[in-house]
Amino acid sequence: MNTLADLKNALRAFAAARDWDRYHTPKNLVMALSGEVGELADLFQWLTPEQAANAMADPELAWNVRDELADVFHYLVRLADKLDVDLVEAAFAKIERNETRFPADSPKPLA
Amino acid sequence: MNTLADLKNALRAFAAARDWDRYHTPKNLVMALSGEVGELADLFQWLTPEQAANAMADPELAWNVRDELADVFHYLVRLADKLDVDLVEAAFAKIERNETRFPADSPKPLA
Amino acid sequence: MNTLADLKNALRAFAAARDWDRYHTPKNLVMALSGEVGELADLFQWLTPEQAANAMADPELAWNVRDELADVFHYLVRLADKLDVDLVEAAFAKIERNETRFPADSPKPLA
Amino acid sequence: MNTLADLKNALRAFAAARDWDRYHTPKNLVMALSGEVGELADLFQWLTPEQAANAMADPELAWNVRDELADVFHYLVRLADKLDVDLVEAAFAKIERNETRFPADSPKPLA
């Protein structure tokens, strides 16, 4: 089974084979991430909450959602790699901070 | 060592303990993802390419970058979980499609 | 009454007085625009459609919405100024193209 | 000469003719704005600062930049209209607040 580490390495190899590391600077990758999140927003923007919740029941929409989630993830993993950040470790460290910021009886979600 | 599956489960437990699943609809999570990517853009927007490339050498900026990458990752993992998408699998499937779209001698990066 | 041209000039003067033109490059301004749209998303992300439709009835939220709309507009006007684009003219030209793309009996909104 | 008020009215008429007001809720319009800003980021993401500064010298890129700026402006004007916010007035009020937050000898731009 593929892991996040495998994905990081596969994306490195993909970029190296195309000489794209010169484009994949942190600043450019943040912009690319904005672009892909924008495409994800595009898929959901006119849906009602109910339609959005059932998005994966529509095969064409489901395919597009998977495709855009993959693009977002690609750039997030590339960006973290370039910045030498371990995403899973950073995410667990943030959960710990959020446990303090938002105690378990916290009425509103984090902004 | 923590895995992406561990993170998905930890985020599920965090939301469940706060009764936040009612907020974590696909549409809302896409907006939350946009918000967090916007905060990441905030950190890099006024940096020169050189400053951005050295972002992690500044301890305060490095801390903030890790913090924002964690927030982006949280919402991406939550969204994929709610949509029942395996992020790593979707990302590898997209690499395969990109191999076709951008042969190894492709001069320009994917838009 | 202030016009869009007045606003463009006021923002020019504001940046000039702080020597901020060196930061206000097109690429940086696009990132700043992403950041501010992210803050706008933040305000609406957990609201139900009904709460969002009544956002301006809550004085604190209304203040924040005006504040964030202003920030988005600032960067959009600055960016268009730096690129020498007349926003109103470009917007009317696009309406004309959309009249063709989406005839008046068009069932779905533009993506 | 067309004004911002003319544009607001033209966009209202465009939506009304297509019965699109049911889609143009504040929450949906914020998402649409994110989507269009993402497309703008797309145009600039791989450009060097120098290439970005000269974007309008390339006729095809210039056309696309105008097109995307128009889309961003459309949704911003629609959103402000739906929320009953006067964009120019809100933008001038924010300049006043920024005058206080960032005195004229302020060394760094607003985040």
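Letters A, B, C and D mark the chains in the order given here, with residues in each chain numbered from 1 onward.
In this text, a residue touches a chain if its C-beta (ideal position, glycine included) is under 8 Å from a C-beta of that chain, and two chains touch if they have at least 3 such contacts.
These figures come from a predicted structure and were not determined experimentally.
Colleague: Looking at A-D and A-C, which pair shares more C-beta contacts?
Modeller: Of A-D and A-C, it is A-D that has more C-beta pairs in contact.
Colleague: At what distance in angstrom does the C-alpha mean of subunit C lie from that of subunit A?
Modeller: 25
Colleague: Quick one: subunit C and subunit D, Cα centre-to-centre, how many Å?
Modeller: Those two chain centres are 3 Å apart.
Colleague: Tell me, which residues of subunit D touch at least two other chains?
Modeller: Each of 23, 27, 30-31, 34-35, 37-38, 41-42, 44-46, 49, 109, 111 in subunit D touches at least two other chains.
Colleague: If every chain is a node and each touching pair gets an edge, what shape is that graph: line, ring, star, complete or other?
Modeller: Contact pattern: complete, every chain touching every other.
Colleague: Using the touch definition from the top, list the residues of subunit C that touch subunit B in their complex.
Modeller: Subunit C reaches subunit B through residues 23, 28, 31-32, 34-39, 41-42, 44-46.
Colleague: For subunit A, which residues are in contact with subunit B within the complex?
Modeller: Residues 2-4, 6-7, 10-11, 14, 17-18, 20, 23-27, 30-31, 33-35, 37-38, 40-41, 44, 47, 49, 52-53, 55-56, 65-67, 69-74, 76-77, 79-80, 83-85, 87-95, 97-99, 102, 104-106, 109, 111.
Colleague: Report the residues of subunit A in contact with subunit C in the complex, numbered from low to high.
Modeller: Residues 27, 30-31, 34, 42, 45-46, 48-49, 108-109, 111 of subunit A touch subunit C in their complex.
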